[in-house]
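This is the structure, below, for whatever I ask next.
Each chain gets a letter, A, B, C, D, E and F, in the order it is written, and its residues are counted from 1.
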Amino acid sequence: MKILIINPNSDPAMTAAIQKTAETFAAGDFEVITEATPGAPPFIETYEDAARAAPGMADLVRLHECDCDAIVVACHCDPNLDLMKEITSKPVVGIGEASMKLATMLGHRFSVISVADRSIPNKEALVRAYHLEGSLASVRATNAGSGAWGAEAPYLEAARKALQEDMAEVIVLGCAGATGLDRALQAALHVPVLDGVICALIIASGLARYGVATSKARRYCPK
Amino acid sequence: MKILIINPNSDPAMTAAIQKTAETFAAGDFEVITEATPGAPPFIETYEDAARAAPGMADLVRLHECDCDAIVVACHCDPNLDLMKEITSKPVVGIGEASMKLATMLGHRFSVISVADRSIPNKEALVRAYHLEGSLASVRATNAGSGAWGAEAPYLEAARKALQEDMAEVIVLGCAGATGLDRALQAALHVPVLDGVICALIIASGLARYGVATSKARRYCPK
Amino acid sequence: MKILIINPNSDPAMTAAIQKTAETFAAGDFEVITEATPGAPPFIETYEDAARAAPGMADLVRLHECDCDAIVVACHCDPNLDLMKEITSKPVVGIGEASMKLATMLGHRFSVISVADRSIPNKEALVRAYHLEGSLASVRATNAGSGAWGAEAPYLEAARKALQEDMAEVIVLGCAGATGLDRALQAALHVPVLDGVICALIIASGLARYGVATSKARRYCPK
Amino acid sequence: MKILIINPNSDPAMTAAIQKTAETFAAGDFEVITEATPGAPPFIETYEDAARAAPGMADLVRLHECDCDAIVVACHCDPNLDLMKEITSKPVVGIGEASMKLATMLGHRFSVISVADRSIPNKEALVRAYHLEGSLASVRATNAGSGAWGAEAPYLEAARKALQEDMAEVIVLGCAGATGLDRALQAALHVPVLDGVICALIIASGLARYGVATSKARRYCPK
Amino acid sequence: MKILIINPNSDPAMTAAIQKTAETFAAGDFEVITEATPGAPPFIETYEDAARAAPGMADLVRLHECDCDAIVVACHCDPNLDLMKEITSKPVVGIGEASMKLATMLGHRFSVISVADRSIPNKEALVRAYHLEGSLASVRATNAGSGAWGAEAPYLEAARKALQEDMAEVIVLGCAGATGLDRALQAALHVPVLDGVICALIIASGLARYGVATSKARRYCPK
Amino acid sequence: MKILIINPNSDPAMTAAIQKTAETFAAGDFEVITEATPGAPPFIETYEDAARAAPGMADLVRLHECDCDAIVVACHCDPNLDLMKEITSKPVVGIGEASMKLATMLGHRFSVISVADRSIPNKEALVRAYHLEGSLASVRATNAGSGAWGAEAPYLEAARKALQEDMAEVIVLGCAGATGLDRALQAALHVPVLDGVICALIIASGLARYGVATSKARRYCPK
């Protein structure tokens, strides 16, 4: 089994971090290959960033879909996920969708720890699109700056507030760039801390093993 | 006052029909200019169609924003509307959003008459994004084929069923291509029948006159 | 075009303030006439105030409907709005409904700034009746007293808290008496600040120009 | 204990029918007195009917509140119920609210059987105001005409459809005029069939015995 | 009339306190008998506590249903209430359901004062199961320890915060053990403070008098 | 890795069918062991059936938790799932929860095909508890009788109606007894047809591999 992981941005360091997390989780039982998106901006923050990533993401799907079994979109705002589900017959899993839906199976409510205040409304809109408002404790931002997406301390502080003030029981890392922080945070917080890349690999590898993919009945039917 | 109407597809006939409706409504009190989107497909049906329209739509905004007072996006699925709201300081109004929100002011529930069954889930997702589920009676499709987007009879039949079987009180035309059918349908049905282009012009011209535009607080703030 | 604005209370100062805002917005392009409600209390705070305003409001509608093109109800709690929509074939727009629904087109969430704590539950009930809970950031009260409905400072303070603490992106002035404060507040806050009177005029004049009015299918059908 | 039952309309026959049901249920354990509303129309169908009933209903409350222990509003659309709750310190119970909330304790979903199609949207709006959408199976109308509000057959037919087609498990009689039909319908349908007058008496007499009434914290605080 | 009150735990002191409250309310007009549950834990806090109480509760129902007219389940988390409704043809009322639904008839929003933080999510899940989220101001915990379930001061402090900070208008005592505190709290707080035992008796005695019980249409039909 | 599958009923044939499906999916990559529940009824239909299964299910968890890595509850009504999550530190996955949440990632709306009409309300209550109402197209019953839980034709007919009349895009098999039907149904229907046992194994094995389990913060914390 081979899983294609699309990093919707073009940052090589984040691509490498995602690949490292994925390889560690796969542990040789299945193949993972992470691709940065050609033509995409180095970080996906705005609607325009997402739109700019779309053509390269579609190209990656079409280039690789014949020799992969499932596709993961590895940006926590799930940019262009509907498009990805539409254009391929392989299962497609977003790390935002996978991590937040798994979170609902592990505790009463979850909080998402995002990078910046400005992303909170967009995350709330995503939560609504997935019908998850009722399971959301809060979206909190570290506001540590996009350059510091891998730093542990701001995530720890925001997560503690989510657990104590917002009644969260599960923490979701709200940026692919936070990949790798889950273990240390979980050890400190004593609740599940979910890395979206791993959550998406759980679902994607499971669907591929099962042999089911996106329904083409109506919503995701290409022309 | 001048309002730019972006037709997200590239079809000249639909562009002309939209312009005609807009000019008739404006009646010389404000200027309207409808532009087809360069590089877009001739009809927007799929997520890929919408993604393909995005670069040309952004180009149109940037080309015209200095000399227009408001922008209308004239496809009823409101493709790339969040992107449009983000990249300009001028007010931006989608014909889907405007027509469905005005419909809630005119009766208990509204039905949207769409072109094809396959678009129903997407319209439902849009309705949810706008928090309008509670005001929706139904989405019904004419299934008359995308080539027949200007024919009256299939709309009339679907609208009658919406009024009688789904308890709709207001009808929303769910395709920019249906522009111009509102008068005849309203005369036959005796309830408000809303053309999205006109609804969007009402809001867009009003906001321009008022001097307010999209909040740049967080969600629609460009980088 | 002529628009009748019903001030549901009987206060001449507030009536004059509403008329001034309306005239400024209309700028001679359409006629506006604001009428205080005979027999109504000087300020609408309670359910009993609203009930006491009903007969006079209905009288105003019947007196003026033949020579006006649309009707605006200019109290932000939209008293007797369903009744107004039922008894006339002209379009009827409440300043609460218009301002809150326009707010949803201008940003992720809006806050309403009301006069008194006691009005917060009633405003929440109105927000629910309009299916707007999902777009509401908060209702905050200035608690400056009903006599001080035109003072700017308490609105500014409450709005700042709404933007910073409640994640609002748009501010709605929750009392017709606050009419005229929008410009100064918007200049200070850098987000849209909506005056309900103007919002209702946008919709009412647009519907009148379009030639559509309340559906008489069922909910608003008079006997 | 004495309970005032306000019939919001002025029809003596319906007033007598309500009184009869109430007396039978009270069985001498508490006193009931049903008053028709002076100045109200003979049947409450429209928003205007409800507005016309308001002054007389308020007068009845003020006339009787000193010598009664609780007040029931006996029209299933609960006209002016917020006003009634506001103006008196005695507990006030609407037959719509009481019957629909008790119904949620007796089965998975309930259906309301109303008199006419035109009342369905208003009943839905009431259901929403009470946060009961999730427990509602359907609102069905007998369409037997307002003159035939006491006939059994149309209720039976509509209720059967609600049970079989809409998955209702409890039937709520949606008009005070249907009082007295509950026993026969329940015998035929083998599910609970709720008469609003009795449901309201259960709650009103219980609250009076308990000694609690409407909170005057904010929403229902008179000036 | 005779009402069986099942205390789902096995604590004799709490059983006696419940019986005392019930007898005082019944005032000799109907008979009440409170039974502790054989085999149940002394306090119901966890899902396992609830499961352990189920067999004894079912036994109590079967032992007493022939000679009682209605059954009350007197633990505010309503443990095994669906089971109770299923296995008997007598009306069954939970004190959680009864108190929270009555609260919605007495003010805009209610707060539940629970014993411990750990019970807040479970109470929220119960509130959701009853479709009451929209009427809930907050769940607050006294955190006074399960041994101190009858102490007044922590309830008073939590209730004051609920009224002032969460905009509650009605207080619901969230533990059967708090029975008897309602009068003193209501005198201090000047809003309705609801004891679940009394609320359930209001509904249970009313349903018994009316002669209606749980629908056996589908959800609560035994095999 | 070893996964314990608890069949909440005591039927050996269904236990064997579940084990067969699980073994086929695991394909030797992880160990699966399905245990029937001692003391449970042969089929779980009622709330009493579920209550009767609870002690045996808890015993199975405690007997096996030391030598298994995750636990699956293999009845589609997820009986006693909250209890299971509370009493063990191993991840616990219900086949109802897993299949319905995976379904939301594969299409716009899903339908559940259940065994009997009487189970529809209970399934709807489960869907609500999981916040999945917005993704549900319908619950349909085969009504083929509980003895015929493995027959294909009634599932096919109900699923076709769900796809055509209810706009479902994904089918969820609503009974563990239907295990093994997914392939044939999927081949006939051309949309994803989900077997809950496999869906739960995907999640359970993934969580075990990841090393995360139920949060013990509050809701699922044992005493």
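By our rule, contacts are C-beta pairs under 8 Å (C-beta built on N, C-alpha and C of every residue); 3 or more make two chains touch, one makes a residue touch a chain.
As the structure is a computational prediction, the values presented were derived from the model and not from experiment.
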By the touch rule set out at the top, what is the minimum number of steps from chain B to chain F? 1
Moving only from a chain to one it touches, give the least number of moves from chain A to chain D. 2
Looking only at C-beta pairs that count as contacts, which pair of chains has more of them, A-E or E-F? E-F
Taking each chain's centre as the mean of its CA atoms, chain C sits from chain E at a distance in Å of 43
CA centroid of chain A to CA centroid of chain B, Å: 32
Measuring centre to centre with CA averages, how many angstrom lie between chain D and chain E? 26
Would you mind listing the residues of chain B that make contact with two or more other chains? 108, 120-121, 125, 128, 133-134, 167, 169, 218-220
Touch relationships between chains, expressed as pairs: A-B, A-C, A-E, A-F, B-C, B-D, B-F, C-D, C-E, D-E, D-F, E-F
In the complex, chain B residues that touch chain C: 25, 29, 91, 93, 97-98, 101-102, 104-108, 130-135, 163, 167-170, 186, 190-194, 198-199, 201-203, 205-207, 209-210, 212-220
For chain E, which residues count as touching chain A in their complex? 120-121, 124-125, 128, 133
Residues of chain D that touch chain C when the two form their complex: 45-51, 54-55, 58, 80, 82-83, 85-87, 117-118, 120-122, 125, 128-129, 218-223
Of all residues in chain A, which touch chain E in the complex? 108-109, 134, 167, 169
